[in-house]
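There are two complexes below, and they share chain A, which is joined by chain B in the first and by chain C in the second.
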Partner chain A sequence: MSELRLSGVSKVYPNGVRAVSDVDLNIADGELLVLVGPSGCGKSTLLRMIAGLEDVTEGVVEIDGRIVNAETPRERDIAMVFQNYALYPHMTVRKNIGYSLRLGKVPRDEAAQRIEDTAALLELTDLLDRKPGALSGGQRQRVAMGRAIVRKPAAFLMDEPLSNLDARLRVQMRAEIIRLQRSLGTTTVYVTHDQVEAMTMGSRVAVLRDGLLQQVESPQVLYDHPDNLFVAAFIGSPSMNLYQGRIERTSTTARAVFGAHSFPLQDQWTEGDGSGGNDGREVIVGIRPEWLVEQTRDNADLPSVRVRVELVEALGSELVAHTTIEAAGAEIDTPELAEGHVSESSDGAPCLARLSPRSRVAVGETIDLAINHPSVHLFDAETERALRPDRDR
Partner chain B sequence: MDTATSAPAPPDRISPTKRRIHLGRWGVHAVLLAYSLLALGPTLLIIMNSLKSRSAIFDDAFSLPTSETFDLVGYDTVLNGSSFDVYFRNSFIVTVASVLLVVFFSAMAAFALAEYDFKGNTMLALYLAIGIMIPIRLGTVSILKLMVSLGLINTLWALILVYTAMGLPLGVFLMTQFMRQVPRELKSAARVDGANEYRVFGLVLPLVRPGMAAVAVFTMLPVWNDLWFPLILAPAEDTRTVTLGASAFLGQFERNWNALLAALTLAMVPIILLYVIFSRQFLRGLTEGAIK
Partner chain C sequence: MVFLAPATVIYSVFMVYPLLDSLRRSFFDDDGNFAGLDNYNTLFGNPTFADRFWDALGHNFQFFAFHMVLQNPIGLLLAVLLTVQSVRGLNIYRTIVFLPTTLSVVIVGFIWRLILSPIWGVTETVGIDTPLLGESRTVLPTLSLISVWQWVGIPMIFFYAVLIAIPKDLIEASRVDGAGSWQVFRDITFPLILPMLGIISILTYIGNFNAFDLIYQVKGVVAGPDFASDIMGTFFYRTFFGASGTTGSPAMGATVASVMFLIILAGVLLYMFGWQRRVTTYEL
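Up next is the complex of A and B:
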């Protein structure tokens, strides 16, 4: 059980690739921190630096206040679970799990007992004498977990441990890992590229992009108050609708205008010196798909947008309407986020809406959707940073 | 659009393609068969004639031994009239020791070349590869001088050392390819589990067994068959190898064909045995699908 602390950690590979830049991160004793970001953003590199598998180019890695930059993985006492499990193919499950104990000179009886206990915990008892080749994907995954757990290490590092499993097993193992982590109380860094996994697993989630830490917060705060455009687009599924817009402000009112639409901004935007400081500021307007509802008589006073329905996905619990809106879409240059946000269609930008399953929308119709939310997200078009009325007014 | 129009292939176009593949296969087999005959022919000739009397060998070298021509005099000479047991032991020791050293050292060097990013890594690999192209015999004079000053002339060590040097370049080259295929995460997992570099190396070894078997086979054959270095470095009676011993039957004035052929036939047996052992390892490594 320990605390991990990264200060100004950077990694430049010998070939000049800057995989991680100046990351500051504290992981409290017993915490499960999820590190999320699109593939290639440096998650594995960061994890490998914590484990001691990769030299730290700049910065300091501390475990329990002890600077470990120069320590070997062996000295750091950290266990790691790899994406492809990395089981030793020529050893039985028992030997795989017990390998670290054998190297650590744990007495034979105690080692055997700990292997048995771990196997029981992970329901691997019947498989102890099999080799990895004779196991299913889920079983291999559990062996990889067992290999980490049996050591009772200072911390677990997990590098996309579930991404090779099918969807059902993944959900099941996700719960399993959370349960294990809680009961063992071991400090854990969990890496994933899947934001849904990140949101469901972490008490805190760190978002990484191109080696730069974007925001470290609880899932709810990330969702409600993304610090920048990237986090806004990355967190949430389907992801946020983003449009190029502008703030129009008078001494008494302020609104965000995007395309043919506008959204009145909260009073805070108009308070203060009344100089109209933000008037004409180029912004990006973000609207979550789940804020959009069918316009009815009851919500006629809400601001609304007019869209053309292109496709409707009925998911049972909800309807996801793919529509186009008369506005210019905002682009983010990360391929993973290309889902619904690449604009460049002649008749407007895409707009996703999560509607109630009882909504009656038909393909080809032009309808009005009300924005059932007190505010929209605003980002500076230049810096892509979130604008907050209390800060950027 | 070309591809669009030609996409729905008419059904009769499939069979000619298939036939061509069949023909191609037969062609390949014919070539391989011819090559096998070419390679096996002399061997069979040696075995056949080693079982015949001297006059029968000269009468008709291409006929099988019959009850009249059957004669084991050659084997008698080899097994009873000379110290071939010593020669066999020498050959065996030299071959096995060289193979083990080559396999072990090339695995170690290959691990370093494949695993560590150090300055001059590529240069070192290239330097070692040069050894594949330049025959070690070019250095015979220096090797001889070296062995003389080391006092190793007429010892098996002289041969073992030279053959180890001879086998290493190709060994390192082959092993590096195999080492590269071991997934990086496997080695990372071992390090995180507390393995030091020697342990990691030990963990990787079973996974590159096919490579080690291949290196063993490639090293073994030229060592066992070599006549040059035994003649120069260890021609003494008690350090003679089989090949050198057999060549003694090719005297300047008289040639004991029976004994020569019998010696050559006997010399094949251990090498075939070794080959079977190593190639079994090779196949087992492949079928195990160890590296995933």
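Up next is the complex of A and C:
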């Protein structure tokens, strides 16, 4: 049970790749922190620096106030679960789980007991004498977990431990890991590239992009108040619709204008020093797909956008409409975020809407969608930072 | 089956037939009359043959032992060093170590005869005043070492190929589990290269019975001094073709060849049933 603290941690690989830049992160005793980001953003590198598998180029890694930069993995007493499980193929499950105990010179009886207990906890008891080659993916995953748990380490580090499992098993193991982590109360850093997984698992989620920490918050805060354009686009599925726009103010009104559309802004945007600092300010407007609803007589007073329906995915519980909107889309240079969108056509930008399953929208139609939300997200077009009326007006 | 037929035919004609024919000829005398086990009785009963035979066989096992104790562990050590990422110019080292294997034995023998020559070799400058290739006490170890020097690149490359196939994850997992370098090697790396160790051992065993060229090149068929460097290969050569005044006997040659075949076969069977069945190769 331990607290992890990273201060100004950077990693530059010998080939010059700067994989992690100046990361400050505290993980409280017993906390489950999820580290999420697109692949190649430096998640594994950061985790491996905590484990002691990779030298820290700059900064300090502390475990319980003890600086461990120079310590070997064995001295750090941290357990790691690898993406490919990394089970020792020539050892039985029992020996795999017990290997750390053998190295740690834990007395034979105690080791045997701890292996049994761990196996029971993970329902591996019947598999103890098998070799990894004779196990299914899910079973291997549990052995990898067991190898970490049996040690009662200061912390668990998990590097995309579920990404090799099929979807159903993944959801099941997610819950299992949360349950184990809660009951053991061991400080855990969980790495994933899957934002849905991050949102469901973490009490706090740290978003990493190109080695830079973007925001560390609870899932709800990340979703409601993304600090910047990247977090806004990365968190949420399908991801936020983003358009280039501009703030237009008068003394009494303020609106965010994007393409042929506009959205009235809260009163705060109209107040201020009268210098009109935000008037004409270039922004990026963010609208969550779930805010969009079919415009009806009941919500005719809501601001709306006109879109052309290109594709409709009926998912049963909801209906995802891929449409194009007359506006200029905002580019984010992270390829994964683009997936699921209709490719941009000359006459507009893609707009995704999560509609009620009973919506009657047909491909090819032009329809009005109401924005059923009191506000839209605004980001500075230059810095990509979120604009808040209290701060940026 | 149809597709295998040509290969089977070619293999039979060039491999199996000569082998069987040589076995057959060991039961006939030089004039082609059936001789039963006479040739074998001569080989094991007649001191002129038997002494030479047992000597040569003993030398073969010494030669083998040198390779097992030196060549293969050194090859493994070099391979392990090659996998250390932080060393610069690894490819150069790999090439240098592998280079001698590509040289003709004629050249290797020649080079080492020059180096070890008591007259103008370098041994004297380093303080060795025995003619290493000239004394019966030292000739076989010296030849073994030359052979080790020449061939150490082979086990190195074999081990290297296996080592780089071990996923880095496994090594890292064991380090996180608390293993130091030696424990990683003992508990993870070594068990995973054990199958290759078996393959290399059996290749060494077979190769050692076929080691004829180096000794022939350096010491000639008489394998002097006083047969101190005589191995099965040279013994067979003298028996079959004759040497220094004695006439050769194809029948006796065939007998020696057959016995050699049986010794190699015994080793291979031991490997297949005693080792291969027990040592599993793991999918990594």
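Criterion: the second predicted complex is superposed on the first by the 388 of 393 C-alpha atoms of A that agree within 3 Å, B and C clash if a C-alpha of one lies under 4 Å from a C-alpha of the other, contacts with A are read in each partner's own complex, and residues count from 1 in each chain.
Heads up, the rule we're going with is that a contact is a pair of C-beta atoms (placed from the backbone, for glycine too) under 8 Å apart; a residue touches a chain by one contact, two chains touch by 3 or more.
Everything quoted here is computed from the prediction, not taken from an experiment.
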- Put chain B and chain C onto chain A via the superposition and say whether they clash or fit. clash
- Message: Contacts for A:A51 in the overlay, against chain B (first) and chain C (second): which applies, first, second, both or neither?
- Response: both
- Task: Give one of first, second, both or neither to describe whether A:A79 is in contact with chain B, with chain C, with both, or with none.
- Result: both
- Tell me which partner A:R388 touches in the superposition: chain B (first), chain C (second), both or neither. neither
- Task: Could you list which residues of chain A make contact with chain B in one structure and with chain C in the other?
- Result: 48, 51-53, 72-74, 78-80, 82-84, 86-90, 99-100, 103-104, 133, 147, 151
- Message: List the residues on chain A that touch chain C in their complex, please.
- Response: 48, 51-53, 72-74, 78-80, 82-84, 86-90, 99-100, 103-104, 131, 133, 147, 151
- Spell out the residues on chain A that touch chain B in their complex, using ranges where they run on. 14, 48, 51-53, 72-74, 78-80, 82-84, 86-90, 99-100, 103-104, 133, 147, 151
- State the interface residues of chain C toward chain A in the complex, per the touch definition above. 167, 169-170, 172-180, 183, 187-188, 191-192, 280, 282-284
- Query: In the complex formed with chain A, which residues of chain B make contact?
  - Reply: 117, 183, 185-186, 188-196, 199, 203, 206-207, 288-292
